[in-house]
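Right, one structure below, let's go through it.
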Amino acid sequence: MEKVAFLGLGIMGYNVSANLLKAGYPLTVYNRTPERAAGLVNAGAQRARTPREAVADADVIMIMLSDDKAIEGVVFGPDGVLEGVRAGQVAIDLTTCMPKTSLREAAAFNSKGVEFLDAPVFGSKGESRDAGLWIVSGGKREIFDRMLPLFKVISATQHYMGENGKGTSMKLCGNLVVASQLEALGEAMTLATKAGLNAEDVLGVLHVTDFKSPIFDGVGDALARRDFSPSFYLKLMLKDANLISSFAQELNVPLPASAATREVIKTAVNRGWGDENASAMIKVIEQMAGVEVKY
Amino acid sequence: MEKVAFLGLGIMGYNVSANLLKAGYPLTVYNRTPERAAGLVNAGAQRARTPREAVADADVIMIMLSDDKAIEGVVFGPDGVLEGVRAGQVAIDLTTCMPKTSLREAAAFNSKGVEFLDAPVFGSKGESRDAGLWIVSGGKREIFDRMLPLFKVISATQHYMGENGKGTSMKLCGNLVVASQLEALGEAMTLATKAGLNAEDVLGVLHVTDFKSPIFDGVGDALARRDFSPSFYLKLMLKDANLISSFAQELNVPLPASAATREVIKTAVNRGWGDENASAMIKVIEQMAGVEVKY
Amino acid sequence: MEKVAFLGLGIMGYNVSANLLKAGYPLTVYNRTPERAAGLVNAGAQRARTPREAVADADVIMIMLSDDKAIEGVVFGPDGVLEGVRAGQVAIDLTTCMPKTSLREAAAFNSKGVEFLDAPVFGSKGESRDAGLWIVSGGKREIFDRMLPLFKVISATQHYMGENGKGTSMKLCGNLVVASQLEALGEAMTLATKAGLNAEDVLGVLHVTDFKSPIFDGVGDALARRDFSPSFYLKLMLKDANLISSFAQELNVPLPASAATREVIKTAVNRGWGDENASAMIKVIEQMAGVEVKY
Amino acid sequence: MEKVAFLGLGIMGYNVSANLLKAGYPLTVYNRTPERAAGLVNAGAQRARTPREAVADADVIMIMLSDDKAIEGVVFGPDGVLEGVRAGQVAIDLTTCMPKTSLREAAAFNSKGVEFLDAPVFGSKGESRDAGLWIVSGGKREIFDRMLPLFKVISATQHYMGENGKGTSMKLCGNLVVASQLEALGEAMTLATKAGLNAEDVLGVLHVTDFKSPIFDGVGDALARRDFSPSFYLKLMLKDANLISSFAQELNVPLPASAATREVIKTAVNRGWGDENASAMIKVIEQMAGVEVKY
């Protein structure tokens, strides 16, 4: 089995690492705050002190960070991944970032003889724990195929989207849909509430019609309990909304509803809800409507 | 079995009538353009010349029209339903209309001793044909319960939402979600296309993730074939978007993204696509983005 | 001089009436709450108990109400204006209302041999007091010309816009610009404040450049003092935003930015600021931005 | 008189340079395409082959480029301004750019003993020619004061906004208002046109009311002639709209209407109108409304 170096042990990264370890992959991990690695080390992982050190001995390098800036530090920075790589390795970045950052990584890795896949994932805490993520990847087809067994250990489906940057492009398009669905849920539930409908009754309808979505089930049920504990941080959804805006700016694509939605998400973070679940953005619409919600 | 009068034989009304007939309900039908009734008459239905005549002998009156204005004519107008009713009947309006129109109907019917349910349906051509509609109804609980056997002949699920007007309120909240889904699909597909992604690959991802929705499957596949033949007319989606806007105005509920979406739908109708499928609104976003789409 | 009946003594109507009286026009006034008329009666006006009574003896009938619903009552209702008119009179409605309401009034008045002008006004408290309003009017050109001397007593400029309904159409188009200016001021001031700019410095720039506007001067200075005392009620601005939305719906005109602005105005009223000045809508943007403003 | 180096001879830069020359300032100019300098050289200016060479002998360095990327090349690039400066000079950047770019310039210049002002200007072709620009500047107050005589040669008013970056911050806030006014004009004129109003009549009203603006006069008159010849390129307005979006993202300020407006501007550029005047964005709204405009 390939030796894997894993960089970035956030909520998602930790769970993905644990699944690789459980499947028997020899694993070296790196995280900026090293204490996060404790559980994995107990379960048999090695801990490296720098990204450079982490990747030295690996066959496959997996990176899963919070944003482009973190990639800048961990991959391109001093003692970073690029200082430790050698020809023949495969690097995979699972981070949701700008497609142009994926392209920059691809060029940097390739110049050192390292293959590169951008391979961000859909899903959040639960899916990362249950190996139920959905992977969308860009790079060479044969590298994608070669990595499939490893991908299958951490994900439910694996989608090859084309050359480098196409995985992250797909990720941003998908996140646009996620944000739209949360906004739609918030608008519909707020309108329904002010119309005197019962929230559970409304969710009951949303669960069965042809505009249903698993997101409505999960978020809707939590909403009915007024539970905003994070499985996907609102502040990361703002990050994604900003990435989508930047990507659409590069391609000069007008996104009328998503533009409106981004302003709602900004407001939610200004309200101080960045560390709650992304669904907390719905509270902005409730407040705009002057609705005192207690389902 | 109750004798049913059915008023309004549009795409949906025709299919619902046919299912009632097939289930053995004695049926009298009325449509402004009487030729629409031919198939039903051949299958055993009676044809009435006026709404008044249609309802005279019925136990249950079902109304399924295009909009509030049509209700004005068929229900409240000369030779209309209200002129023909008698105490003890049950009237059910399946039309998507303003909740205040439902309330006005309820008051008018009740004043003549007729029970009333507003009971609009989700679903379009296919679901009406296959008795797969989703009914959301407002009125007295016991009347709803009494009508359940009849509802089950034409629908997959039946949702009691509360007093009169709550069915149509729910319908508008649901349609808000439908319009949001189409807008999100259009924005995501356009961004993806301009980013060089393959449409079928993108749809493949949308089919499996936790933001999937049956609407993306049906509309997405048709979109990939550039098929905009109507199962739900774009012009009716504009009507609904306008109803949602009016309803939100009455309740003073801000709907930032839905407001942006309505302007896209208006544009689509101005482009001349009102008689195409609702999904034709996506072409507006493609045109705004300057994308020449040929999947 | 023509005998004038004046119906509606709100902030604006009172001031306009006072100017007519000062200019020597014999004046009969009507207001739903008759105490509002006290000052005018002291200055020589007659007070009528009903609209019908008010107009009986007039040459010119002037109507200035809050909205379409008030027109419904005062003009079309029992003991309303239409019951008191006689052929040869001229009726002028200064209310901001739907153009289709103007058309309905025109038809009703004309059927009684009464000429009709829709003649809403731009300007608020100060301009109505100082005879500085801007009148935009629809109807027959010769009637407009005949009324010019009277118009000049209450306004700075008088604009003939075409047939009936064109005055109110122009009014709604102008109010669209007013709302846009307030929204732009709010967005610019909020962005500036969060960027650490000094509000008075920013207003100093807005006072001189080619995008300056008298509205920025008046509202801006009040904003710098955090003075939201009403010269034009926010709740009336919401009424107007809703009229614009309805008018744009009738004509199927997409208004992307105005649609976004309407949702801000709705929010402001939900915050409880309906009786403050229209500029209070700016506080919504400040709150969305999480800005604690104390200039 | 100070020796001035001027870098960037676009429409605006050329006119500003010509005014400095006319006022007697010894002038050295640089432009990427050197032919642009011909008229100035004939009138007595020196032409430099590189930014570095241009600034070597100057007391004051003025920079006026199209965007942040051009600053990157001309100021920070090889043979750029920073390679030629010496302690004691004053550098002034008139470019509309990100405030953080101003801060980066300030730091770079200061580290070489060069004082720096960010000093972008409002106004377009006409104002630059007629020395009627409005300057908004950030930096040390005493440097601003020292530069006032020079500023007065090229501008109508000069506004000190605070420390470095505050000039460019003010510029973006002002451009937000400009874009809002063009959008408002476009929406109002389109609604008016579809309502059957005469464009010149509408513009006549916009010229006198308290929501008038010089921009409505200039743009409105050109619009009535369907004249979209550039005095401020639409493509630069898109650049500015994108800067505003990025700046608001940095500060996390929601801008609901400006966000909607940006999507309209994007669409206008996708239509191929980037080299027309900014007011060409109004044609997008006309097309969305299905209005065939021929005033």
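Here the chain labels run A, B, C and D in written order, and each chain numbers its own residues starting at 1.
To be clear about the criterion, a residue touches a chain if its C-beta (ideal position, glycine included) is under 8 Å from a C-beta of that chain, and two chains touch if they have at least 3 such contacts.
If you're wondering where the values come from, they're calculated on a predicted model, not measured in any experiment.
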Of the chain pairs B-C and C-D, which one is connected by the greater count of C-beta contacts? C-D
Relative to chain B, which chain has the most distant C-alpha mean position? D
Using Cα averages as centroids, what's the distance between chain B and chain D in whole Å? 52
Between the Cα centroids of chain C and chain D the separation in whole angstrom comes to 37
Need the CA-centroid distance for the pair chain B / chain C, whole Å please. 39
Residue numbers of chain B (touch at least two other chains): 252-256, 259-260, 263-264, 266-267, 270, 288-290
Flag every residue of chain A that touches chain B in the complex, lowest number first. 99, 122-123, 127, 134, 136, 156-157, 159-162, 166, 169-170, 172-174, 176-178, 180-181, 183-185, 187-192, 194-198, 201-202, 204-206, 208-215, 218, 244, 247-248, 251-261, 263-264, 285, 288-291
In the complex, chain C touches chain B at residues 238, 242, 245-246, 249, 252-256, 259-260, 262-264, 266-267, 269-270
What residues of chain D sit close enough to touch chain B in their complex? 256, 260, 263, 266-267, 270-271, 288-290
